[in-house]
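Two complexes follow with chain A in common, the first pairing it with chain B and the second with chain C.
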Partner chain A sequence: MVSESCGNPSVETEAIMTRRPKYDKSKFCIKCKLNSGAIIVRHAVYCKECFPALLSYKVKRILEPQINPKPELSRKKSLKASGNLLVGFSGGLGSTVLLDLISRIYLSHRTEIKEEGVTKSRGGKDHPRNEPVWKMVSVCYVEVASGFPGMTDKTQKIHQLLQENYESLEFIPIRLENAFDLSWWDKVGGKAALDVNTDLTSDELFVSTALNSPDSDSVQKLRSYISALPTRTAIESAIHTLIRILLLYTARSTQSSHLLLGTSLTSISIKLISSISQGGGFSVREEAQEEWNPDSKGAVRLIRPLQEITLKECSMWAWWNDLLVVGKEKYPRGKDGIEALTKEFIIGLERDYPSTVSTIARTCAKLAPKVDAAGLCILCERPLQPAVQEWKSQISIRATKEPSPPSHSSDPSSVLHSLTSYLCYSCHTTLSSRSSKGVSRNSSNTSLPLPVWASTHLQGLLVDVAITDMQPDLKEADEEIWLSHKVNPDEMKEAIGEFLLE
Partner chain B sequence: MPPKTCALCENAKAILKRPKTGQQICKDCFFYVFETEVHNTITQANLFARGDRVAIGASGGKDSTVLAYVLKTLNERYHYGLHLFLLSIDEGITGYRDDSLETVKRNQQQYDMPLKILSYDELYGWTMDRIVSQIGKKNNCTFCGVFRRQALDRGAAVLNVDHIVTGHNADDIAETVLMNIMRGDIARLGRCTSIVTQGEDTIKRSKPFKYAYEKEIVMYAYFKKLDYFSTECIYSPDAYRGHARTFLKDLEAARPSAIIDIIHSGEAFEIREEIKATQKIQQTCKRCGYMSSNDLCKACTLLEGLERGMASSGITDRARKKLDAEGPLPENLRTIPFYQPPSGNPNPTITIES
Partner chain C sequence: MTTISLRIEFGGGLELLFSNEKRHTLTLPSIVSSDNNSKTSADALSGVNTKPADVEYLVFYLRDHLLQERPELFMEGKTVRPGILVLINDTDWELEGEGEYVLQNNDEIVFISTLHGG
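Up next, the complex of A and B:
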């Protein structure tokens, strides 16, 4: 029978294509269509039974293409990593959920199933004869409490938690002050370096060898590092960098090919905006994932498998599975920094514009650096953008006269080396930035000790520079590269005069 | 407390703290660094050639007033050899534009520059007041921005200029970078930090104040005693940009260099190759001849929506489909006159420069 409708929308309103239904109006799970929904994930409803498969799928989608040494999207090849696995654990919600998901998806073959009082061995893909993706899996926790007097040390608590729930995994506790500890550096295969301090009073960030004795306390150095940082933003940013690098070197020392961090979609969006606000646009891709191999001694892939899972989904997962979240303490001087402001802003905006976090992450995933990197930043070991200082000096005029050379000691060959050309834009801004309220440091400490890896990199680079400069007296021994002089009070006053109010 | 000496000349008394660098400097040094930084921006980007006819987008606000003053000063001081014009757009917002246009007319006399005023009413037959009464207060910035862009180009074509300069400052650009990331506007994100933009059939446009802080522009106007009209557009509070602006102000308070840092981030990245291939190529509007990424340019689409009483057809795809389903454009509906780029200006196609 011929249809009598003419399909003209002005006559028949049904002829206009109906609007795609928003699933959260329906009660039933979108996957199984049987059970009542229990959670809405961006307008799609899932029941409690189907939710695990959703999270598992999202984790695998990010992680699995990066497992084999040659990244691939084909699912035909079996998964076999070239090294071990290290999972970074902070005690927060993200890392708790990450460890739980990774354990369920990839490590279940290590445990037997206890069903109705009978121990059964696993079958199918989980059969013990199938090779595990990673031979050895460890969990690493970085304790930051030493940097802030009064902060609680949670190492013991975390160790206990992991022992109770993940006894087959090796626990590697490390401490934030290891970044200044030469014995730790030696243990993870780092090349010996001299203690180096940098002077934060000038944007040139002149360096000198530390006058401390070789066995000076790494906790003292860490506290000195934190107290010398110029702004609250700098503290947040610097600690994140220290933790990341400590984890990467630990991964390498455990022959791990992969390091996993529990950054959720919400956290990644916050970190992206925060990093962009601090000038880190050049390394926008590294916020999601990076391939780290600073001295070609073995690459570690840093992956964030939860980057498509929102904080809400993580919370529900933890709740439904009774996961104990130890929690992360806020740094005492870290609030009101750019990251904290960004977090407040993004979470507020998400309420009125629900796709904000996913839009930010998706947009940044479409970006790439405009030019090739010129090496690595010695502090954060991320790609170094070329000509950063030239750009900065073009943008703002900071002097109208030729700067008078700093007064030297009687040694005519003493040279002050500047750190600036070896730092990326964000790290340089972190160290040289000023708060709008002027100097906001509690102490008058302006000498920042460099972390061990930075000293090693710097030493290596300056040796190259010295050799290129054809200075015969500096070619001989590494120690003679370092020419330092005691900074006299007049020189200090000249450098910091602009901040003095008297 | 004894008075501090200027950090730059180390001679005069410091009377202000520079928002951009935190340095405490004297008035003359401030004028010097502000003007010289703009001059450096102009020369490093090769913005102008001798003999260029340059239209300054003048709203009567602080940015364009200071821009007109500074360009005139630098043109004379460094002999750029430019012919400067003032170009103003009347959007038809009662109480907002009336007073600022008076300022532009005063600027015309003070700086001795020719002035052209073009109104939305004249060009499109709609004032912003009338548009807002039809569509409400959401999405009205889209209408105003799209119409103004075309209006500036058309005004410049009438004046036969080679180049339009606008007073967009560092704060504006930083806000735009953040806003485009948050809204996922990848095409704009790839262009918004360029100091110069030019398409095949459009006039070159640049932003000499790209690295100048808004606060410093205000400071400059204050110390130079330049008069300008400061008004908030009454329709802007609900705009998405407002969120980015508030956030930027908080960032600036936490770290003054954040504004420049965001611009630096924006300049450091670009769209990935595989995504570029999926971007729309620029075409010409079939109706008015202006540049467009679709068959009809955005201004024609918006105007058609307004004329046919379905204003949101310019905003959402669904509304557009509904409009198309109603039938073709009626014969007697108002359209925008055909666009003629400035004659005698064989502008070669130049790709976007940063």
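Up next, the complex of A and C:
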């Protein structure tokens, strides 16, 4: 029989689809099945009593297989890291929750012993045989305020917060301008580097050394770096990179084998979409977790233990445990950037379709690059994909005029090279992007100072290039040098001539 | 006309929009206008469609009477902006029917912003 209803909700009220419930089955806790639920996490209902175990389980699932030097999946082996632990703390919700959870799960015996003040004989789980996973635990905060005049410096406030709540942990405050500070670089074991600037007016990104640089102050260099960046998106991306690298070198200098960051599932999904849209697809895996060892001096595992915990769960945890969240400063006009727009989209999506956000992270975790990396990017120290420029020239319209090196090369002490082949796609895009609105720069600054690690890497690579260009009779004493030089067509024909058929 | 007394709390930085006060006490009428207009007087209610005061009405009421600035940071459409969690008596409002939950006397409603950075 043909239906006579037209299904139009404005005519027939019964035609409106019933609202899909936000939870599966019942309102009772899915874990204990006894208590009434207090929170819905992606359609599953949990009570307040079972919620801590849920978060603890999620953290351990991500972190524990990565603690022992050889990734350990079996639970039989006890957990013992090869070095210390550094926890990156930004003052935001994720960091605050991370520090609280790590402290409860792995560090509770330290605070107990400190409170008791006396050495008691400890048995059971506290027996000295069950040694702590990490010998020393430190918390590192990177202050970004120097880069933006008028931004509030929060170092003092954060120090106070950590002293009140995590007395046994060492606080290591560093500053964003350390990325341009040779004395900091020396302290963390970096090799001395010259001041190097790159010219952003062409895609070739020609570099020059600035031997007598007037901007020798690291704060000035940081501000110069920020003001030279072409877009708001580029500024956010670049600062994320600086912070990550600063934390990694700090981890190494504290003999830490692990660096933990409080990136939640929501934040990771935002960062993945935002990064991929800026050309970061090759390092999609590194967004979740990375093993960092750029010069083979000791590896640091960067892990994000909250990557399966949503922002909602973090918020509830902070609320129910009265955690004070200092908050992060927003960058000026940050809402114009890709990351802010992505965040708005994902937060909206998470409310109505919570499973979709976790799908983003899970799908990206299944991705792997088709080709091997050709070394590391000198700026972000992540895998460098081969043939970036070839790809770019195929997909975009390039300048019609051949770019020429800038004319200030009259100074004989400055050496000109292009930075482009040493950068990954994402970093190259960050430095060479063009805003559709046109950039209003405070200064007409197009000269970008390189962070200290980038200068050191670049110098190392250029020395390699110079050696291969050297005359064969120039040799280091006691050392063998393997020289390679490009073979021209005539030489090649001579070498293989007898094998040719014609 | 019966009234309902409510305890409201703001967290996660949301209090900055509400005179920097985290805790507020409100008294609302138990029957309100269906169009969430909190300025309709008690007498005028007999001429309009009414409903029992629910969380949806509360959100409009807070925007119209307590919010000091930037309403777009609190509300979007007929509900709270994405990124704001609502707890009704310490329970996720998604378990209680969200905006359709009918307010009871002495209920505690908490609004937490998850967007204060992190």
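Here is the rule we use: the second predicted complex is superposed on the first by the 401 of 502 C-alpha atoms of A that agree within 3 Å, B and C clash if a C-alpha of one lies under 4 Å from a C-alpha of the other, contacts with A are read in each partner's own complex, and residues count from 1 in each chain.
Just so we're on the same page, a contact is a pair of C-beta atoms (placed from the backbone, for glycine too) under 8 Å apart; a residue touches a chain by one contact, two chains touch by 3 or more.
Since the structure is predicted, the reported quantities are computational estimates derived from the model, not experimental observations.
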{"item": "Chain B versus chain C as contact partner of A:338, first or second or both or neither", "value": "first"}
{"item": "First (chain B), second (chain C), both or neither touched by A:295", "value": "neither"}
{"item": "Which of chain B and chain C A:170 touches, first, second, both or neither", "value": "neither"}
{"item": "Partner chain in contact with A:217 - chain B first, chain C second, else both or neither", "value": "neither"}
{"item": "Contacts of A:312 with chain B and chain C, given as first, second, both or neither", "value": "second"}
{"item": "Chain B versus chain C as contact partner of A:328, first or second or both or neither", "value": "second"}
{"item": "Larger contact residue set on chain A - chain B or chain C", "value": "B"}
{"item": "Contacts of A:267 with chain B and chain C, given as first, second, both or neither", "value": "second"}
{"item": "Intersection of chain A interface sets (partners chain B, chain C)", "value": "none"}
{"item": "Partner chain B, residues of chain A touching it in the complex", "value": "9-10, 16-17, 19, 231-233, 272-273, 275-282, 284, 336-338, 341-342, 345, 349, 353, 356, 359-360, 362-364, 366-370, 385, 391, 394-401, 425-426, 429, 433-436, 438, 498, 501-502"}
{"item": "Residues of chain B touching chain A in the complex", "value": "1-2, 4, 7-10, 20-24, 29, 32-33, 36-37, 40, 44, 177-178, 180-186, 189, 211, 243, 247, 250-258, 260-262, 264-273, 275, 318, 321-322, 325-327"}
{"item": "Touching residues on chain A, where the partner in the complex is chain C", "value": "22-23, 27, 36-40, 45, 48, 90-96, 262, 264, 267, 311-312, 314-316, 318-319, 325, 327-330, 347-348, 350-351"}
{"item": "Residues of chain C that touch chain A when the two form their complex", "value": "11-13, 82-83, 85, 87, 90-92, 94-95, 98, 110, 112, 114-118"}
